[in-house]
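First chain A sits with chain B, and in the next complex the same chain sits with chain C.
Let's turn to the complex of A and B:
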């Protein structure tokens, strides 16, 4: 896979997968609304299947409309204290950032960081 | 990858990985065990008596919403005979509290509980918006915290209730333990780890039934039970120190999830070493020792540290495993361990005799004596309570600001 980095993929030809992403616990305000129906690229720039790690970066680049990105991502990873559910299951059971996203997946981000 | 199955029912798809012991559970087994563990905390600490009127400090946030839901469930399931009331404090912060109070009102209807809202304006003549207008954002959390603590007491008194439960969770307690440790404030550390503060002699006692519940599990419980809660950070800047402690705790949890309950337990163990604090509800209970429990305050059911490891025996099993691992290590370790153990035994003896002597403890200096504020008449350990002291400063400033 690594040697395919040199091959540019044209945007128009990039296949996409449809997923829904939900934000709760205050994260909804960072992304404008709670639920997003998205068509994300099926593969990242290097041609590897899109993972949760890729999705997180993708969300920051395309959907975040708040300058406080550190409330969602710290040092390139999901901020500790934000729960990630993949089809309702804790992402720790699904391989975390390495999980390869499937068409129709539901990914939920819930912040536990907000007070009452 | 094939979906993992629930460790308890062996049939449901595992959706939750428990932070305290990595057990994988399905939704319904998770909800059951979460409720069972809170029930265990309540019964082993004898938090309530039948027929007791209890006010739930309700903010509309995740913790108090889950607390209200779980208490209602357990009260019905186990016949606690509690009369539950929601008590909310309106700090007077537009765009923050007024929205979350709407959530509390919905909860009151859904859980069929009476609701009392008491406002800072009626109690103190100041809303937090006005306080911040006067003193600025810096340090406003101090005012809000001091006012809220007393407002809960006053609200409870208005309701004729002597017991307020709050939604403080294991992460909150761990955070407070760390903060007090970093401040060098051992006596406050001791009080902050107690599951109950105040006793039958004080006008209003406080307890934290979710003290051993992970914040992560509270949020998952709310999510899987589809409980409606409100989550917006206070619009005024949070305490920087608490924020740093919080970030640290969350980062530790990521690397070692058991760290949170371990910090809580360390806090309890340290609390036992604070002179004069042994009379607090958590003070004398044995968490790590294997000696039979005989301290007088254990007829209160013991407190938390034993609860922390009892549910399902998982924590006890883990302790045992850790001990066995240690024993399996080399001889050098054994020698140091023997020395340590004999030292520990000596300490244990001293502690036991100190506990038995009870009131004869010669060092009561760090124990706060509860009296009454000479101005407002509410519980205070000083002549003038913190709320009155802060109000005095505010009231002095008001005319200057207005002119």
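Let's turn to the complex of A and C:
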């Protein structure tokens, strides 16, 4: 992967996967602007491959600038009104939170707007 | 060529309808109409857009024979209506129950200062008539709701959602599904905008045997909880950002009508080559805090109609009759319970009681925290108030909780005469954040086990303006 040199290497020996994550529609203020290049653990604590569900928790715990986690997660799931796209496709087509993240994946979180 | 047309005597009189059969398989449906000569005025007025490849005379006639409904005459509806009227769409209906306010004018380009207080629909139509007298303008000077939505929408070929709240957005989409109308939907708050074309070409509810266009519910299954939703009134809105989205909406609507994509396909065995190849969600992000930051456009590919969609899917039970009689309940659907705070009475004081206590000298030494955003604070504040924006207060509180540190760091250190017993009063914009701030400060022990009073000012600066100082510049 061309991007791999730019990905921060984690201190631990845990194998990681490199992904990119984008936030839109106000979520950028919770996580910071621009595309985030991340190296996330390849497996969760129980050793299962990392899923979108894991990524959501991981983002909350390690990347959120703002303590208002309920703007991103409610009851352990992504809050209603946030669209998730995995490699430009609606996450419903990919199995939603159960989707196993692959190296090089791009995950986009979009909070839907209603003003006008 | 211009001469050729202009000198036709009948061109100025009643148009002669000639059906030349060039309108595709669906002629006879409203919005397609037959062919006819353009009048001299039409020819002059629309020439610049008609010569664009893809429009031509047939495309222009489709626009002239079409009926567009614009719901919302605000930041999206004004620019959208302007271009739709300019392009010569024959009938333009506009729905809005609001009146023009001065705070609208920085972005709602169809209204002017001399029409403040006028119904937005009338103000906008005045503006549009100034641009183009040819279209028929139909004002609906009230809000759209479950009772009237179907009746209004049924009279149009295409709907533009320029509204500002999720309940109305779901309602409009549901009606568009049931009546087979394409929907051009946009939204914008603060510094972001979104745009998506839905239900286009329209496909009857329940058809899932092929690839069909999604509805609003296919894309946005559930509304966000009200607590996480921002309105333009609360979060603000940059004029050009919402303007850009409204203009883009007009562009999509014109494209759909010119190409006759608004006509429901009759032959479902034919793969939808006329389909907008892939529904796309356009996202516009604008940067303001960092002057050199770039803007960005991103077009996200969306999935098509979902089999299990509540509105357009296979086993949908949604009906026009149901909607009219209150099923589903849109208000309820969009207002799932959100946490509300109510502190005990001894931890609260009304704005006027606080003001009186101050003027009587009963609270000589106290700390007044104002938790509004710094932009709000910059317009004015109560004498002696110290600004700690709510988000920053929470972030600091979280950091202290996580990494340890003195809770007193939450309070501004440099204020003269503040000791650990100095009472703290907290005020915000409307009185919700301040209660949460009081809770947070107590949780972290800032109240010194009860020795220090921490008090919420009920109703925030809004109450201060209403009850104490009517001249206060509250936004």
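What to note about this one:
Here is the rule we use: the second predicted complex is superposed on the first by the 101 of 116 C-alpha atoms of A that agree within 3 Å, B and C clash if a C-alpha of one lies under 4 Å from a C-alpha of the other, contacts with A are read in each partner's own complex, and residues count from 1 in each chain.
Basically, a residue touches a chain if its C-beta (ideal position, glycine included) is under 8 Å from a C-beta of that chain, and two chains touch if they have at least 3 such contacts.
This one's a predicted model, so the numbers in the text were calculated from it and none came from an experiment.
Judged by the touch definition given at the top, the superposed model places A:25 against both chain B and chain C. Legend: residue contacts after superposition of the two complexes on their common chain; A:93 is shown touching both chain B and chain C. Once chain A of one complex is fitted onto chain A of the other, the partner contacts of A:114 extend to both chain B and chain C. Residue by residue along chain A, chain B and chain C are tallied for touches, and C comes out ahead. By the touch criterion defined above, A:45 reaches neither chain B nor chain C. By the touch criterion stated above, A:65 is placed in contact with chain C alone, chain B being left untouched. Residues 24-26, 79-81, 83, 85, 88-90, 92-93, 108, 110-116 of chain A touch chain B in one complex and chain C in the other.
Contacts from chain C toward chain A in the complex involve residues 72, 74-77, 161-166, 169, 186-190, 192-194, 219-225, 227-232, 235, 237, 242, 281, 283, 285, 287, 290, 293, 298, 300-303, 306, 336, 391, 394-395, 397-398. Listed in rising order, the residues of chain A touching chain B in the complex are 24-26, 29, 79-81, 83, 85, 88-90, 92-95, 108, 110-116.
Of all residues in chain A, those touching chain C in their complex are 22, 24-26, 28, 33, 65-68, 70-71, 74, 79-83, 85, 88-90, 92-93, 108, 110-116. Those residues of chain B whose C-beta lies close enough to touch chain A in the complex are 1, 3-4, 13-17, 24, 27, 59-64, 100, 167, 171, 215-216, 218-220, 223-224, 229-234, 238, 246-247, 250-251, 253-254.
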